[in-house]
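You will see two complexes here that share chain A, one where it goes with chain B and one where it goes with chain C.
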Partner chain A sequence: MAEKLAMTMDGRQIEVEAGKTLLDIARENDIDIPTICFHEATTANGLCRMCVVEVEGQRVLQPSCIVKAGANMKVQTRSEKVIRARKTILEMLASTMDLSDAPDILSMMDEYGASHERFPDAERRESQVKDDNPMYIRDYSKCLLCWRCVQVCADDAQYTYAINFEGRGYETQIGTFFDKAIPETTCVMCGQCVGVCPTGALKPKREYLLELGKSPAEISVMNTGKKQRKVKG
Partner chain B sequence: MSEFDLSLLKPALEKYISMGRPGLLPALHAAQNIYGWLSEPVAAEVAKALRVPLADVHGVIEFYAMYYNKPTGKNVIRVCADPACGLRDADGLLKKLCREFDVNPHQTHPELDLTIEPSPCLGLCDQVPAMLVMKGNHAIEDFGVDEAFRPISPVGGTLRMLTKNCGGETTSLKKYGEYSALKKAKAMSREEVVNEIKASGLVGRGGAAFPTGVKWEGALKAEGDAKYVICNADESEPGTFKDRILMLDDPHMTIEGMCIAAYAIGATKGYIYIRGEYPYIVPALENAINEAKEAGYLEDLDIEVRVGAGAYICGEETALFESIEGKRGFPRVKPPFPTTYGVFGKPTVINNVETLCNVPLIISMGSAEYRKIGTEKSPGPKLFCVSGDVVKPGLYEVAFGATLRDVLDMAGSVASGKNLKSVLFGGAAGAFATSEHLDVKMTFEDLRAAGLPLGSGVVMVFDDTRDMRDVLKRLGHFFAHESCGKCYPCQMGTQRQREILDRVADGNVQDGDFVRLQDVGWTMTDASLCGLGQTAASAVLSAMNLWPELFGADNN
Partner chain C sequence: MIKANRVVTSTCPYCGVGCTLQLHVKDDFIYKVTSPFDSPVNHGNLCVKGRFGYDYIYHPKRVTTPLVRKYLLEGKPKPEGREQVFAVSIEGKPISNSLISNLWDWIETDWETALNITADNLVRIYKRDGSDAMAVYCCAKATNEDNYLLQKMYRALFRTNNVDHCTRLCHAGSVVALQQATGSSAMSNTASQVVQNDVFIVTGSNTSENHPIIALQMKDAVQKHGAKMIVIDPRRIDLVDMAELWLPLKPGTNVPVFTAMAYVIVEENLVNHDFIDDRTEGYTEFLSTLETFTPEYAEEISGVPAEDIRKAARMYASAKNAAIYWGMGISQLSHGTASALALINLAFLTGHIGRDGTGLNPLRGQNNVQGASDMGSMPFHYPGYMRVDNPDNRAKWEKTWNIEEGGLSLKLGLTTTEILSHAHEGGIRSLFIMGENPMMSEPNLNVTRHHMEQLEFLVSQDIFINESGAFADVFLPAVPFAEKDGTFSNTDRRVQRVRAAHPPRGNSRPDWQIICDLALRIESRLGLPTAKWNYSNPEEILREMGSVNSDYAGITYDRIDRVGLIYPVPTLDHPGTPTLFKESFPRGRGKFHQLDYVPVREEPDDEYPFILTTGRLLEHWHGGTMTRNSALDEIYPEARVEIHPADADIHGIRNGDPVKVQSRRGEIVVRATVTEKTSVGVVFLPWHFAEAAANLLTNDALDPQALIPEFKACAVQVFPARVSDLPNPDVVVLRGRY
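Our next item is the complex of A and B:
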């Protein structure tokens, strides 16, 4: 049996197993903490800071996906500071990228009363859809830099190292070696990056084409060089 | 293409091959020295030699501002764009140079093989406006510079302990004298050395003010088959130039401090991580290391100089570790702390240059004598980098407890006929003071009570003719340029802050900008992952407090 310790979350005295993160504990106790970059299958990096909570005695807010429970810790998951940070992060996201394929984030924005127009005249991160392989497309206008694709491509799963980062700061974008097309990289088309993408920035090619209005029949012969099937009369 | 004649590269990479990934930054520097920039075949060759994935090599090149993956001149002139230089028309200098050589910023002059670009703070704030000429295949005279110029900074103050050999040429080992403090330390047990540093009350001088002895104790007690000592010489905080002077004028003091730290924790390998904007200091350091080696001081410590490549974030200790490991300079989540999990995951002590320079003093004179300098809570000597609108900008050494007025008087105060408007304390990540603070004692405790950070010892002075909106705009651009992009509050917040500060400077404030800027600022302060984001709004928020009218507070 794991060691138990006592702590307080949102005023509730709870007994928890040592070694668990504050996020684990919140979820076990039906306390809702929003997350964006967190994924059970990838290493938690504490990037999005949506899961931050206020821990008594700590100068700055703490990422609950990483910080582990401590004895007698007093945690507030919805303090004024926490709410301001989450709302502002959501508003900055909306002013930065295309959230149209990210329903979870859109509902977080509703919940926190975050405005889509909070930052007028903000420079957005926009880029052309990269359609360079038969498996998936990359639309970095929809990328919120959760890093999951880079992580699963590297040490968190596939050890393929086809993608990494371009630029830094606000100019950061996921990219390949000198912007090579995917088939010219080490990509093995495992599809794990597409599976962990939370915003539709990486999308199966078929889904993308369907959204563009192509019919399944048209899609099935694309890129194959075959003659289009005739409907039997 | 002869331009990418890889036969030149292969021998240059030879010595980095066995280093593997940790050799990536030095290997890229070596490659760029040959070709002027890092083209695809060159990057691929480096990747192959060091066995690093191609995409990762590209990611590293893209992270560091001084690596170029597009055609760039072998000769580069960098013109500082930060506040102290901004006061002396650095923008005009950049324009003048571009006009003279008929290029736009970031463009390359084909015959001269010359690229001109603006740069973040070059750490030359006492000799403004500053530019750095990095010359490859052309004589320096071709760029309108008379001769190779080694900065010699005015050094003054009421004490000359840390700076006793500073203010002139580089001090040789012969002039520095034997490492007597190291000798004394080695006659003590490791624990005794650590206890002496703890008893001295020395705290870090890089900005975070963490107790040095506590750090050392942690690393001494930590289990590890290897331990490291690192000198953080990535001095990049706008307005800071003390470490440049300490290393260039008296490199042995830093090296002796490192030797004592290494002995105290049992480290056998040390790094001096120096920013890429200080290339002219590297030979001085390497020469001093060789002198120390020949004198037998480095028998149980191997010191390697690592050169950064244009990334303020690498002054953050964990980002610096990542950089030494050959990666993008992303700060790590703490804990674990460096004392148990530092560079290569091993126990590491990382100290700032000025901090290390205090170490030989403490060991030589003993902690009790050392504590007689300064105040009870802030013992020791302290360096202040005074820049901006004073008569004699320079480096001033005083005992903790001197007032702001004292330090300004040493620097000749603001020119006659003008009045003090404000002082930026602690750098871009600092806060503004006004004439009301002139009698505040420059100690950790007094400054904290006054709501001012000591930071890295920056005292940047602005007279009453200055438009503070221009200063803030430069700070906004600095942080947007230097954010690593890892955590959302800083990645997007520095950009949104920059946009609003641009509007403020242009007099185009929009309804709601005041609260917007505050929300961005507090979100970065409260929720960012590392110290960069947590302080990226510090000066802005202090300015909003002092001069709300500048930000259109009436409109909100």
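Our next item is the complex of A and C:
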């Protein structure tokens, strides 16, 4: 049996197992903490900060997906400071990226009263859709850099290491080495990345084609001719 | 955003892992596949085939209307010869292009006509030539229910055991060996238990390409659970990157390598005496034959350094929990049974069997090869591995199928390869093929073609006209996994639900319904009392089978609605059996087997200096009926032969050059991939590509016990060729991972 310790969450005195994160504990106790980058199949890394909570005695808000419970910890999951932080995070996301394929985040915006217009001068991160293989497309205008795709491509699932961060700061984007097309990388096209993408930045090709207005019959014909690649030279 | 009309949970139709799929459907079109992250087998992970490779369902070349040859429809005598006519346009319509006679043209017809013609001709041949003229290939891709019914139709109506399927071509050697040594024939443990191993051996299995999700679990075992992996394989497969030890043996030298490991385990007294005393028999006799198998002797034969054999033996024997996972590299040899027995001996010596995280695990290839075998789609067994030559077993099925006492045949049937080699006057006259493709999967295809041509009447029940269906007289359009209900049994023995995502396309019908309709027609023509074919749903079929086969007795669709059950499930409240042999083996004591080294049947010589070994690719599936009609073919459109740089240098072959690969039986032209992935003297070919079919080259030598062909080793020569000799000169695979 794991060691038990006592703590308080939203005023409730609870006994928890040592080693659990604050997010685990909240979910066990039916306390709702919103998350964006967190996924049960990937290693939590506190990137998006949507899950922050206020811990008494701590100077800054703590990401509940990675901070572990401590004895006598007093945690507020919905303090004013927390709400303001979450709202700002959502507004910053909305000002820089395309959230049209992220219904969960859009409903969080409604819930937190976040405005799409809060930062009107923000420069949107826009890029061309990368349609370089027959299985899935990459639309980084919709990417919020949650890192899940990189994680499942690496040690969280596939051990393939075909994609990673490239660029720095505002220019950061997920990419392949030397920006090669997917078929020319080590990618095995398992699509674990597509499976964990929260914003539709990674999408099955056929779903993408349907969205473009192609009919199932048209899509089926597109799959029939094998792409004949000319031998170079 | 596309909103799904419905999301249907089903089971992947490709490999034996049995991943859970969620099919997202809009307007009767699957546009996306996901997998729940709490799925018991794959934890939300899929491979390229499972996640993206379902588009063959909508391929325009899929045939969705019954087809018969013109001569049948017009009641004319069958024209001379038998021609391979694909004869389907890009719209899936028949085209007249027969070279022999327009009487061979495919004509679209209705179900009534197609089924009547099929029943008339099967019954005509049966009445004239009897049971021995009839044969059927069941299908490791189809559901348990489909397979059970098809073997029932042939056994109950035509009174023949000439029933087999492609298990013969993949793990027959393993099945026979496990039955001889333990009395069971499936994996002893589940694949996900690999994370409980301290040491595990992967041999004759390129797991990353053939069981991709199990490979992820193997990598997790090494990276996150501290397990040590030993790879014993002629190729430097992907898993070698994470292996503690790689033993690159020459193809077909399994028995000396594994038995030398046994030698070391005995010599260094790493044996588990308690286990041997309590659970096994034949140990003393086994010891007496061990003397010759020194590691040095094995090194001489296999090329594996004796010291590495010693290390591998010590690691395996001294681990707390150790397991062996193997694939076709063990079984597809003319001594496939002996190879598997050599592995089984290792588990008996060390007692690494009968506990969680140990075991003997032949990774089953097809999504439902385990189930099809369980359903009795084999010439020696009824469902539940009940021997057909045992009158007690016969009586049970006679009762179930409403057959007169002594009506079922006690005679062992022919295997897949034998069925075709007996296709001649006085032998097999008619063949029913459900979903299989012997014209790709049999060895020595030039001879297979000759046998196919000798058949008098051939029925193909499939979704495409593949290389085998192109020979058929009647084509019955069945449905893929996404258009029918039923169950698949995965390599873990886990019985899982398959669910229709949308109605059958066109005029196609679920296999189980086609079989029932055909069986009723045959039955009435033969004037037999009915064996019962009026099922209202597939579950009734599974329950009928489970009423005799106790492994499945406790399985209902309700119980496996969300999570499958791992058989044996003898009763309705039994939780399933992930680990076998905890107390005893089905045959009582595990039996050690004495083995000799028998070389592969065709060894390299001056004329044919290379060993050709064949295998599979991640992007493709077996004979290619599905994947070559999918976008998967775009990412890997051509066959490539792998050759070692040292060998390529001698012949002046550069990476990408066209080469002719020739054996005593045939030749093909493909591009070369020059790579250290293969060993010196060994070339590798995938067997998915009809236009450069590896099985034109392979040797049809059979294992004497399992009758499995020797796909894994034959002698070939490699010559430089011209680009214009390639079947498709302007198609070239361009992938970073190769």
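Keep in mind that, in the parts below, the second predicted complex is superposed on the first by the 223 of 233 C-alpha atoms of A that agree within 3 Å, B and C clash if a C-alpha of one lies under 4 Å from a C-alpha of the other, contacts with A are read in each partner's own complex, and residues count from 1 in each chain.
Basically, a contact is a pair of C-beta atoms (placed from the backbone, for glycine too) under 8 Å apart; a residue touches a chain by one contact, two chains touch by 3 or more.
Here the structure is a predicted model, which means the values were calculated and not measured.
Visitor: Touch test for A:Ile163: chain B only (first), chain C only (second), both, or neither?
Guide: A:Ile163: touches chain B, not chain C.
Visitor: Look at A:Pro103 in the shared chain and tell me whether it touches chain B only, chain C only, both, or neither; answer first, second, both or neither.
Guide: second
Visitor: Between chain B (first) and chain C (second), which does A:Met135 come into contact with in this model arrangement: first, second, both, or neither?
Guide: second
Visitor: Check the residue A:Leu93 against both partner chains and state whether it touches chain B (first), chain C (second), both, or neither.
Guide: first
Visitor: According to the stated criteria, A:Thr185 is in contact with first (chain B), second (chain C), both, or neither; which is it?
Guide: A:Thr185: touches chain B and chain C.
Visitor: Once the two structures are superposed, pull the chain A residues common to the chain B and chain C interfaces.
Guide: Touching chain B and chain C on chain A: residues 185-186.
Visitor: With touch defined as at the start, can you tell me which chain C residues reach chain A in the complex?
Guide: Chain C residues touching chain A: 1-2, 24, 26-29, 31-35, 37, 43-48, 51-52, 55, 58-61, 90, 212, 216, 219, 223, 242, 618, 629-631, 633-635, 637, 656, 723, 728-737.
Visitor: Taking the touch rule as given, give the residues of chain A at its contact with chain B in the complex, in rising order.
Guide: Chain A reaches chain B through residues 36, 45-50, 52, 60-61, 63, 66, 81, 84-85, 87-89, 92-93, 95-96, 118-123, 144-145, 154, 161-172, 175-178, 185-186.
Visitor: What residues on chain B touch chain A, complex-wise?
Guide: 40, 43-44, 53-59, 62-63, 69, 311, 328, 333, 480-489, 491-496, 499, 503, 510, 516, 519-520, 522-523, 525-529, 534
Visitor: Help me check something: in the complex, which residues belonging to chain A touch chain C?
Guide: Interface residues on chain A, with respect to chain C: 39-41, 100-101, 103, 133-136, 152, 155, 157-159, 180, 183-192, 194-195, 200, 204-207, 210-211, 216, 219-221, 223-224, 226-231.
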